[in-house]
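Labels run A, B, C, D, E and F following the written order; every chain starts at residue 1.
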Amino acid sequence: MKFHTQLAAVLISLVLPSVALAQEIDTGDTAWMLTSSALVLFMLLPGLSLFYAGLVRSKNVLSVLMQCFAIACAMSLLWFAVGYSLVFSGEGAWIGNLDKAFLSGITYNSMTGTIPESVFVVFQMTFIMITPALFVGGFAERMNFAAMLMFSVLWGLVVYIPVAHWVWGGGWLADIGLLDFAGGTVVHVTAGVSALVAALVLGNRRGFQQTPITPHSLTLTVVGAGMLWFGWFGFNGGSSLGANGAAGMAMLVTHLSAAAGSLAWMTIEWLRFRKPSVLGIVTGMVAGLGTITPASGFVGPIGGVVIGLCGGTVCYFATQLIRNGLKIDDSLDVFPVHGVGGALGTILAAFFVSAAYGGAGYAEGMAFTSQLGVQVIGVLATGAYAAIVSYALLKLVGLITPLRVDVDTEQQGLDVAQHGEKGYNI
Amino acid sequence: MKLVTAIIRPFKLDDVKDALSAIGVMGMTVSEVKGFGRQKGHTEIYRGAEYAIDFIPKTKIEVAVADDVLDTVIDAIVESAKGNKVGDGKIFVTALDNVVRIRTGETGAEAI
Amino acid sequence: MKFHTQLAAVLISLVLPSVALAQEIDTGDTAWMLTSSALVLFMLLPGLSLFYAGLVRSKNVLSVLMQCFAIACAMSLLWFAVGYSLVFSGEGAWIGNLDKAFLSGITYNSMTGTIPESVFVVFQMTFIMITPALFVGGFAERMNFAAMLMFSVLWGLVVYIPVAHWVWGGGWLADIGLLDFAGGTVVHVTAGVSALVAALVLGNRRGFQQTPITPHSLTLTVVGAGMLWFGWFGFNGGSSLGANGAAGMAMLVTHLSAAAGSLAWMTIEWLRFRKPSVLGIVTGMVAGLGTITPASGFVGPIGGVVIGLCGGTVCYFATQLIRNGLKIDDSLDVFPVHGVGGALGTILAAFFVSAAYGGAGYAEGMAFTSQLGVQVIGVLATGAYAAIVSYALLKLVGLITPLRVDVDTEQQGLDVAQHGEKGYNI
Amino acid sequence: MKFHTQLAAVLISLVLPSVALAQEIDTGDTAWMLTSSALVLFMLLPGLSLFYAGLVRSKNVLSVLMQCFAIACAMSLLWFAVGYSLVFSGEGAWIGNLDKAFLSGITYNSMTGTIPESVFVVFQMTFIMITPALFVGGFAERMNFAAMLMFSVLWGLVVYIPVAHWVWGGGWLADIGLLDFAGGTVVHVTAGVSALVAALVLGNRRGFQQTPITPHSLTLTVVGAGMLWFGWFGFNGGSSLGANGAAGMAMLVTHLSAAAGSLAWMTIEWLRFRKPSVLGIVTGMVAGLGTITPASGFVGPIGGVVIGLCGGTVCYFATQLIRNGLKIDDSLDVFPVHGVGGALGTILAAFFVSAAYGGAGYAEGMAFTSQLGVQVIGVLATGAYAAIVSYALLKLVGLITPLRVDVDTEQQGLDVAQHGEKGYNI
Amino acid sequence: MKLVTAIIRPFKLDDVKDALSAIGVMGMTVSEVKGFGRQKGHTEIYRGAEYAIDFIPKTKIEVAVADDVLDTVIDAIVESAKGNKVGDGKIFVTALDNVVRIRTGETGAEAI
Amino acid sequence: MKLVTAIIRPFKLDDVKDALSAIGVMGMTVSEVKGFGRQKGHTEIYRGAEYAIDFIPKTKIEVAVADDVLDTVIDAIVESAKGNKVGDGKIFVTALDNVVRIRTGETGAEAI
């Protein structure tokens, strides 16, 4: 498979920098990766931040935007300082090395495969930026900003970086053959699980399940949703690291899964309440997108549609279970949508990668059952690791500064109390 | 002088304004409010769950009038705002001790 | 002309798949087409949906967003199921065949010209998504959601798919040499005409022309307008199917036409009312963009400016005629802006394609008058077909479910009544 | 250096059109430049216009959007008519010639380096569009629209066009070796200085420093900020005119500088007020972006971070000085953020271009001190020229139509009074 | 009949509504207002400078009641809205000359 | 006790607040309203057509005051809100039967 070869080439080039330098630049691949990097940034700012901001009450709108923005900036510098190096430099099973700390040695001529290494650095940076921003939805409207920032940076260092190395940096999950094209485990499972843990550690918002806590502007949320869909083309389409058939197919199946997930959620609401809601359709879209993510560069069009339908449906019921069944205030449903979707897609990839369903086919030596086993291991290992470390980090941070704002701040709203601003003066 | 405060359905505002203009009322003040009453609220969907919303958007109109036109004004509002369904709204009448026109300092009925 | 050759190559490749497979991928072309696909998606979600949403009253803002979103998803699956195949597979004059239904046979290695077939599928899919979303503006604030969705899907099947085949899939309009680079007829004329028909069949909104029905947020509309301009670069620039001189010129003339259309509309308002409005300038922009669309890959810079000026001016007066003259409540002026603009641009293309005006020149065997004849036929045929079939489809759908919401729903607003949500809780 | 060679090739191609035509198209470079052009457009509309619109009171929101939009359109036609030609055609030290007025001679086959000339025209057009839009922030909420438009067009002609020729069109600043990759002097210094002059000539808004003039929607501003970051990737990344190592490095350092500038501003606010504000973090981002702009294609990652930290910090204190110290109502802080940032970055480029700090290295014959001298000359020359000419133009325009709206209009708001519209009817 | 107008903290609205419903009040009208009083405002940051904001978001509740339940209503509001901090709000009582139900034209106490 | 309700131009709010503070008024409640009166509205443009808008943004200020300061308060408002143009606004005075401070339960003039 062309893209397998290409990924191999990339991996080789990482291990043997001299080989990398020797490879010629492909301007088309570079153009697409520059674009993809921009798209993933856009997916986060303003995309995700807006999607989330619309869902909270107007007294907390800026706090959500601020949390996403500050995480984006802090993660960028973390990636610059040690992240890139620890993930992509060195061959350890558990973690890379510090040879490229502070991006040392990366010049105008450094190459990663067919693209400049600088572009590879930026593209991968956007992933560490967006992952912790996802879990902001779990503790929205009540977490203390200082604690939030401290937790996120530590999480990036101790959760994201190792897991990304395991899966994409040549670590143990790569070795056993885990298929995770664009971050079902690295991004969605880790973020989803950590959001749930944070929601449990912090406790529910005051009034949760007593008075309706309604979104202050679904218009913003829908705008953010459109941006997410658009940006996800770079997230998944860029994960082939070039402008090739895998990128094209990733974009196609990503799109189909988003559409199918949306319609699945819409249909369920329509049947249950006779009222299909716009928040429902966009939540189904996110579910479809999260679910296809790990599978996107391996499956074919039919796989894309089926995965989207499964994503929309399963995430719907997962949301009901967490929110209304277990009464856990994972405020913006990060775990049931991202965590469950990411895990589901990682597992479904084991089926739909099969050439029989139009997928790219199993890697040599792999068959359905062996692949399924690997996928389950991948989900469980990343999920369990993220849960345990997140819990420990929250407890640690809680020793330094309060995790949760006080009652007055929560009632007044975080915007004025923590950031000295109001979202609207209309 | 009386202050007539009417709570009406938002889409009736133009009709009421026209009815009041027609009987010579020269001014009024309008604001958006939320009402709670016998009229049933609606349900909303949030991420696949349904819940009840009690407050309903209403429009509040305040009109200061001279005593002699009070009844005409009330009738005009009732006629133009009525839809014969629960939730058409209420009119509250309070006595006004005084009215002042800021521009001129006029007081009493001439200031209306 | 380079791009003519290229289009020919594409057409050949469609007819002879083996040739297609034989052609080498061009990563630069692929990069641009991946990007263009993302841009056209963005043009619709959030672009167009936001542009429209700002123009309605706040009680209906979500209904507009929901309609655009649901259409986008449903059309995607329609395209997957039969649309792509019926448009681009087979050589019929009227309609393609079902050989590629469910995108069967499209693999990681399939090619269309110099780009992966998956990319071609996505790019073209974005066109079927946006076209019915355009006519949402015709029946905004009063159409029943179920009827809307049913009508749109049938319309996609019975109007868009055949017409796209006629013009772009090697059908009869392609055969007679119709110049429609990016959808003057296929997209704008069909959508504009159908919006008008729907407005007439559904009737005017309550209070139309009695009380002012003012936009609830022109801020949103202007944001949407900026997104449309941006996305239109992919719409027109991507229609050359590669990163070449035609793409560049299409982008240049598209830009100039948007600017000229904006200033034309602004100037007219300034002269008439001494107040140039922001809604005016962005409407002129859409008029300029819609008008250049069919001509964009054929004309030169001067053609772009003149077409934009004509578009802004003619669409201005068309809007006055429909809205204030005929008192038809085509609520967001889809027909006078898109329908009239698309038709006008298709006809103006016959002039400005001429090398004398810096255009790409007439195809072999064509001259001004013959080309003009073809263009007029194209406009009339697609317009008449869309009008008649839309009318029939609306009547059909009306037998199954009410086309229009009841009075209470219209007064309360579609958001709460049909979707169980409010746009704002600020 | 690869990109130096490339820039040289471009310059040669401009001087010798025959050479240009001889060069082969690179589809990858073309794809990236098409994308970059779209990104810079997006950075302005909706990006910058939204960033600014959120900061004014709701009665003036449309006026800001309208000003940005009208400038964008008018500058496009100015570029078409004479701008492109005067900047890029001919070898004068002070100004180009009119050989390419009305883009004459630019066909589907014209090339500039490895990309179609049409693409080069559009990319450069986006720069003349955004530059005067930047200074809208200086006179927001009080300038008469007609005067604003007249001033902006004259400014484009008499300030932007010559300065762009000096720096990028082979004029005297290019000759002495000024490093200004993407517009530290051409864009940010000229716009910043002119905003300050306009603020002084028009006078402060009524109530400035007496009652708080609070942003009407920071949500919009943050959304606009995210769009600016995204679009800036095209602004700086596209300035290498191809998909190459310089583009990649430009994107990487641009990103790092944005993140560093954001965190610098946030930290200062946190230390001073215990409340890090979202407006603070996004202002720091703009400062970081503006500061890196001139340096972006020359410096390495460490340079990017340090320049960002300097930008965020220096622009913070510059803002305090102008606003609270000198009590000048440069309403949206254009001078302290763009003017100061652009100047600072132009000067810092002299250090960080050094290969010792991971930069691209000095050009032949240049060393630190000589480069620093050139950079200072560049800043002073462009700043002084912009200041003097802006002052003269404002006085001139003031003779024709009032520069400032009357008191009633200012109190009622420009939206209703000048544009006949309201931003919101919610 | 009396019109009871209460200015309360926004997050107390649900509690007050429940308290009033509990004592049989069938309707009320609510609006968003800004209050200025003894309660200190807050500071806001704008581009690195800090300034004081005096107005605080409050919620206004208007309830028309019959004379006999006036005290119960006032007590219910006081109990449910109280937080024992400056800024809990005020209740204003004015006499109502009349109340009209628009739907039926009923007047006086039955219209409430 | 009286309730003084003033409808003023929005941009006069700060002046009025300062004037009231200056004479010792400790509290007030403010809301955004739309006014209709002798002051001409404006025209708006919509897609190339012009139409008239009658309602004008106004600000409503409510101040409860003791009887003895009523005139001072009215004067302060009139002085600070006056612009000598049609549309400067009105002041309405109603009698207050009672005022209650929610926090303390105090009633009457001390609760103001």
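Criterion: a residue touches a chain if its C-beta (ideal position, glycine included) is under 8 Å from a C-beta of that chain, and two chains touch if they have at least 3 such contacts.
As the structure is a computational prediction, the values presented were derived from the model and not from experiment.
Chains that touch both chain C and chain F are the following: B, D. With steps allowed only between chains in touch, the distance from chain B over to chain F comes to 1. Shared contact partners of chain D and chain F comprise C, E.
Of the chain pairs listed in D-F, A-E or D-E, the one whose interface repeats that of C-F (more than half of its contact pairs identical by residue number) is D-E.
Per-chain Cα centroids separate chain B from chain C by 45 Å. Inter-chain centre distance (chain A to chain B, centres taken as mean C-alpha positions): 51 Å. Each chain gets a centre from the mean of its Cα atoms; for chain A and chain C, those two points are 33 Å apart. Computed centre separation for the pair chain E/chain F is 18 angstrom, with centres defined by C-alpha atoms. With touch defined as above, residues shared between interfaces to two or more other chains in chain A number as follows: 26-29, 31-32, 35, 214-215, 217, 243, 273, 275, 277, 279, 419-422, 424, 426. In chain E, the residues that reach two or more other chains under the touch definition are 31, 43-45, 50, 94-95. The complete set of chain-chain contacts reads A-B, A-C, A-D, A-E, B-C, B-E, B-F, C-D, C-F, D-E, D-F, E-F. Chain contact summary for the complex, chain D toward chain C: residues 25-32, 34-35, 37-38, 41-42, 44-47, 49-50, 53, 61-62, 65-66, 69-70, 72-74, 76-77, 80, 102-104, 106-110, 115-119, 121-122, 125, 145, 217, 220, 243, 418-426.
Residue ranges on chain C touching chain D, taken from their complex, read 1-3, 26-29, 31-32, 35, 39, 57-58, 214-219, 222-223, 225-227, 229-230, 233-234, 237, 242-249, 251-252, 255-256, 258-260, 262-263, 266, 273, 275-279, 281-282, 285, 300-302, 305, 358, 360, 424, 426. On the side of chain F, the complex with chain B involves touching residues 2, 6-8, 31-38, 54-55, 58, 60, 74, 77-78, 81-95. For chain E in complex with chain A, the touching residues are 9, 11, 14, 42-45, 50. Note for the complex: chain B touches chain A at residues 43-51, 53.
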